[in-house]
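Below, chain A partners chain B and then partners chain C, in two separate complexes.
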Partner chain A sequence: MSDDERPQDEPESLRTDGAGVGGEASPGPAGAQESLTLLLRDLRNHEFAVIGAAALALVVFPYLLIDGLGALGSLIGFRIGGYEGLASLVLIYGIIVVGFNLLLGYTELLSFGHAAFFGAAAYTAGLLSSTAEISPPFTEASMTMPGIGSPLVMLTAGTLVAVLLAWPIGILSIRRSGVYFAVLTLTFGQMLYFFALGPGAGITNGDNGFADVNVEPLLGVFDLGAELPVVTTVEYLFVGVLFLLALTVANRIINSPYGLILKALGENEQRVAFVGLNVFRYKLMAFIISGAFAGLGGALFIMHEQYIHPTTALYWIQSGDFVIMTVLGGTGSLIAPVFGAFMFEYVSNVISGVTLPVIGRIGSLWRLILGAVFVIIIWNAPRGIYGGLVDLKRALLVGLRRLVWASQHPQKASEALRGWAALRGRRVLAIADRLPGRGGPGGER
Partner chain B sequence: MGLLETRGLTKSFSGLTAVDAVDMTVEKGETKAIIGPNGAGKSTTINLITGLLDPTAGEIYYDPPTGVLEELASLTQTDESARTENQQSRLATIRETHSITGLEPHEVVQEGISKSFQTASIFPGMSARENVEMAAMAAAHGSFSLNFLKRRDAFPDIGATTEEMLRAVELEDDAATEAASLPYGDKRRLEIAIALASGPDLLFMDEPTAGMSPEETQSTVTLIERLQSELGLTIVLVEHDMEIIFNIADSIAVLNRGAVIADGSPEQVQNDTDVQKAYLGGVEL
Partner chain C sequence: MIAIQISAATLIEILLNGLQQGAIYALLGIGLTIILGTMNFLNLAHGALYLLGGYVGMLFIRENRLTAGFLFDSGFTSVGLDLGFAAALVLVPIAMFGVGVLMERYIAEPFYERPETDQLLVTFGLALIVQELVKATIGGNTFQPAAPSEILGVTVGGPIMLPIVGNYPQWRLYLVAIALVVIGLTYMIIERTDFGLIVQAGTIDSEMVQLLGIKINRSYSLVFALGAALAGFAGLIGISFQTVSPQIGTEQALIPAFLVLVVGGAGSVIGAIVGGFILGITIAGMTVLDPQWSQIVLYAVAAAVLLFRPQGLLGTAKVDA
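After this line comes the complex of A and B, so read on.
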């Protein structure tokens, strides 16, 4: 018998897909479980449930990040706990990648130029709040910035500028697809970067970076830095609410006819045209929407950091970081990219501060660590961190159901186990048989 | 009455004339077959009509009002230099209002022309139902009027069309199946359902039975016949299987080297000596 052939007596219960466990043997629990699964699926389709769960996670998140990881760190002797600002930063990048995923994960358009929208929004919001003297390029004129530091106005202005920028860049880039699209977006982003460094330095303060950011209290009352019970700071609450808003909008888009069309565009563009839809306009719309998310994130970013430099705002590596975060977290589902944003920011801000025995402080080597993390995760879970977690949960559930089944049917379970062991044993023997000198090729039969 | 008319339709690719002054009429409600040896220009002709390619010369008219084509014929009889200014402007108006030449594919579909491709062109990662839903949505709500903050369940009319089309191609039991995992024949039927959900009057089918098993071929032929009789569709198909063509076609156009060498009922085409020489190699059918 060939060792690949499945013996007839292989027990049902040990099939890897987990089907057949429970089933007729235990109709009660299986039925209940099924209805529970249906209920969960139903809940997932309800906006309130999705957003409510996300809100709950946002409340817990700082505690896990700071206290949870901190405790774990003191247990193993490394300082791996997060800090308050990091929680906000993760959510800011979370907003950006949720929007970026609409483009990359659903429409399957790979943009390497989203730093342009992020950076333009950051500079816009920062300049608006500033009272600095600026001199527009190619003129002798100079003007004083208005010093409007209202967070809501800064956000609106930043997002608006990002949209107005994404529009023409989208129109010019979407005419090409694949690599050409990616390179076009990269080029436009780089043009903006060099503008900010060179001719635009009178506005952006060039290589010195822009630091004259004066954020006023939210609604004139709540200072963003103020501490709050339960949700750490006003800033975290503010960013958290905007994150939930962004998530709601993205969830709506995914479940709207648009969402279906965006997904369809990723799968078969020609067919989308041949059901009578204007491919160009839908791709452009996806591009602009994701640009708006990046703009919102950029405006929040400068409020958070109070400083921006062309390299952190507009350089193509920043665009690449959005891509890495999205792929690392997982494309094609609403919340997945946020896990990538977390992992990215965690490695860059916390792991970089860890001191190792031989190497010393990791410091700027954090990109090396991130690279290794990326490779390991994508090898083991091609669908990203989120996809990996989903698979892990499924595997654990299957294992649990088998254990429950085994405890209810000890007799059958031990038979099944014995059958499985015998099968494995036969396979091991078959492999051993093939070894040279043991009846394998060149050996005696 | 002519539903689709091409006048002098020509396409050249850097010196090679793939389609050469094709005049073709598709009557409302008929099943027309386009046949011809490989490289005869069958697919190019369809691509010109459906907007994938822009013609080098010639015009395509779709569903013009009665009399327009006759007027056009009398106008174009005279040489361009001999026409009066009035005639010239009337000609321009007709071309402006009734010609679909040079439209983008999605605009052609909006006019009421659908197409199924030579290889099943579907959305592999979506369920069969979502595949059809896409087309139903586009047909019911136009190209850009969809509210992107409204949930899909808020469009009940789409659901009804979707179910109807899935039933029409007998895929209602596989509605939840991912399209990629359907057997090949079912994929092609799904594509037909997508094409139907766009609400066409005219359906182009590029080799609808290519690569199918005999059983799948038979059921596709039955499906095409049903589409024509029950939905009153006009169907134009490119096909290599002569048995199928002579079974279901009301008229046949034969292309050779980009030109129409015969156009008429199956009997006429079968007895045409040019066709026998050029295409059928003189073999008795």
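After this line comes the complex of A and C, so read on.
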């Protein structure tokens, strides 16, 4: 699923390209192009460049989301512009799915229980900042929460609790693989959910949700809601910096020997064991690391929303949402899941408010749309939205190059076009032949 | 926890309630386990089949007043065929059998050769789609349970006087009886027919079955359809005493079905039946003893089985540890 696994029609496009050019290309520009490609590749492998580009994208992102899409929306007559808080929310989920992808995309472990870490961290951070009376189960005692609202302390505590929770859950779950791993993680997550809803209601305020969140200014000075020039709000800057931090950490992990072992685990666990590495330990670390990311995201989430409910925090559907985001964006590449998080949050928060001519207000149909896109992506495009974007960019570049060449050699271009069309036609016919279900020639499993 | 005195009456009531819940779990578990065992296909849309069975059943049984959804928006105030429960008992499994055939052919089949993660994900997406489609057409509101008062002239509604327990809803006894008959029939099909033999052999080594010249594709289709019919039937039973909403698939069916699967053992029909009743009685008992902890204990039982006996109580399928 990595970048070097090209789509199948790649060689063919190269072939048509090559047949057209027919060795006539002058060596000059090609050489220059090659060195440019090399330079780009060097840049891409350089951490500073990756993080710098991401930072730049983060500065532009709210403008694109709010003003860009807003302007586009007013052009076509729909309200599809984002709003201020959405940018932060996307980045918060971005942090979570970047971590989740370390587990799903690289180590290839499918967890349906990451809401546990997200929710536990959110409740921890929220409780820390609150001054509510809580009464733990099994005791008559009650205690008052300290009311520490410093964002950094809340984050640290939340992430720490997530790690401490991921440790035992990981130790137990990783002993099984495949679907049994998924069911075990789901089981532990659900236990926590029902605990928060029932016996633990004295702590979490149960079904009423927990709203006593008092976030103090960052470092005692910067109010998170305050407006800033260029980067909208202090909160966005704060979340953005943490996002970059998370991205850097994930990038380092992936490009380290450690990350290579995680990747190897995803590809062939048995071989990793044969090399003499402790498979269990590496899987556990991958699980804990991804749990820590989910925890960081959870703590940020409660600062952002100022409210949490067991269903949004701990229910297994929330874990499923992390899975959906990651797969939508694309697994197996560092930044890809973030696109999924964006897509998910954008569809659920903005597109759901759009009113269409025939259907009416999309409203709760958004989950249907997302589910359909999700299924299509699993079915046909395992590389996700990001993979699609990469393909699109490549196709555009190839198309551009061909256009330039065609304008230089109009005669040969028409010939090549005819050849290409004939080839395509044959392929379409071949596909049509195979269409009716399994009934194709020799249709056996 | 606090020790609670349990009277004989409570005990019997727990048992009866446990049998009801357990029968539903067992029906769900059998479907899931034969599909997993035979085709190595993990169906996270199994809850969606339960949901469909429940809603299709509800539409067969009575007229339902609509308050929201696409049908309501297009002018319908009520929807349903008002055929009664007896008709639903026959028609729901047939309809769901058809759904199962279609689903096997167009959803499952393309994924047999793909990794199990892909199977999980695509069926998870499908489950969401089905739930949202139901919500969009009939509305997301809750419907009352569709308990029948009489079936084919026999009064099944109202309370009945039981020894020791006292008054008990009569329908629930019939429900247990009907479910047990269906479970028994399924068991007989799997154990005593040629088709069942092929299915059993398929769970152990489907390639070998193929080598013996048996058209396993057809059996696959039938197994999937049988699983779907059972899940749909469980849905019908479920809505006859529980309220109906689009969430029942994911909340009341999918997760329990998977818990039954891990407790009973993948691929074992008898395991699914035993697992279903164990979990059903566990939750019924905990609901009486300490309802707050009932779900947690249910999950804890499943986790304990997975950790200490990964092949399940009666499973034979190998689990890579």
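Note that the second predicted complex is superposed on the first by the 376 of 445 C-alpha atoms of A that agree within 3 Å, B and C clash if a C-alpha of one lies under 4 Å from a C-alpha of the other, contacts with A are read in each partner's own complex, and residues count from 1 in each chain.
By our rule, a contact is a pair of C-beta atoms (placed from the backbone, for glycine too) under 8 Å apart; a residue touches a chain by one contact, two chains touch by 3 or more.
Keep in mind that this is a model prediction, so the values were computed, not measured.
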{"item": "Touched partner set for A:426, first chain B, second chain C, both or neither", "value": "neither"}
{"item": "Which superposed partner A:393 touches (first chain B, second chain C, both, neither)", "value": "neither"}
{"item": "Partner chain(s) touched by A:79 [first = chain B, second = chain C, both, neither]", "value": "neither"}
{"item": "Which superposed partner A:260 touches (first chain B, second chain C, both, neither)", "value": "first"}
{"item": "Superposed model, chain A: greater residue contact from chain B or chain C", "value": "C"}
{"item": "Partner chain(s) touched by A:175 [first = chain B, second = chain C, both, neither]", "value": "second"}
{"item": "Touched partner set for A:274, first chain B, second chain C, both or neither", "value": "first"}
{"item": "Contacts of A:198 with chain B and chain C, given as first, second, both or neither", "value": "second"}
{"item": "Contacts of A:188 with chain B and chain C, given as first, second, both or neither", "value": "second"}
{"item": "Partner chain in contact with A:320 - chain B first, chain C second, else both or neither", "value": "second"}
{"item": "Chain A partner contacts - residues on chain B that touch it in the complex", "value": "50, 104-106, 109-110, 114-115, 117, 121-126, 130, 133-135, 137-139, 141, 143-144, 146-152, 155, 194-195, 197-198"}
{"item": "Residues on chain A engaged by chain C in the complex (per definition of touch)", "value": "108, 110, 172, 175-180, 182-184, 186-188, 190-191, 194-195, 198-199, 316-317, 320, 323-324, 327, 360, 364-365, 367-368, 370-372, 374-375, 378-379, 382, 437-438, 444-445"}
{"item": "Residues of chain A that touch chain B when the two form their complex", "value": "249, 252-253, 255-261, 263-264, 266-268, 270-279, 281, 285"}
{"item": "Interfacial residue positions of chain C with respect to chain A in the complex", "value": "42, 73, 105-106, 109-110, 112-113, 116-118, 120-122, 124-126, 128-129, 132-133, 135-136, 140, 216-217, 250, 255, 258-259, 261-262, 291-293, 295-296, 299-300, 302-303, 306-307, 310, 319-321"}
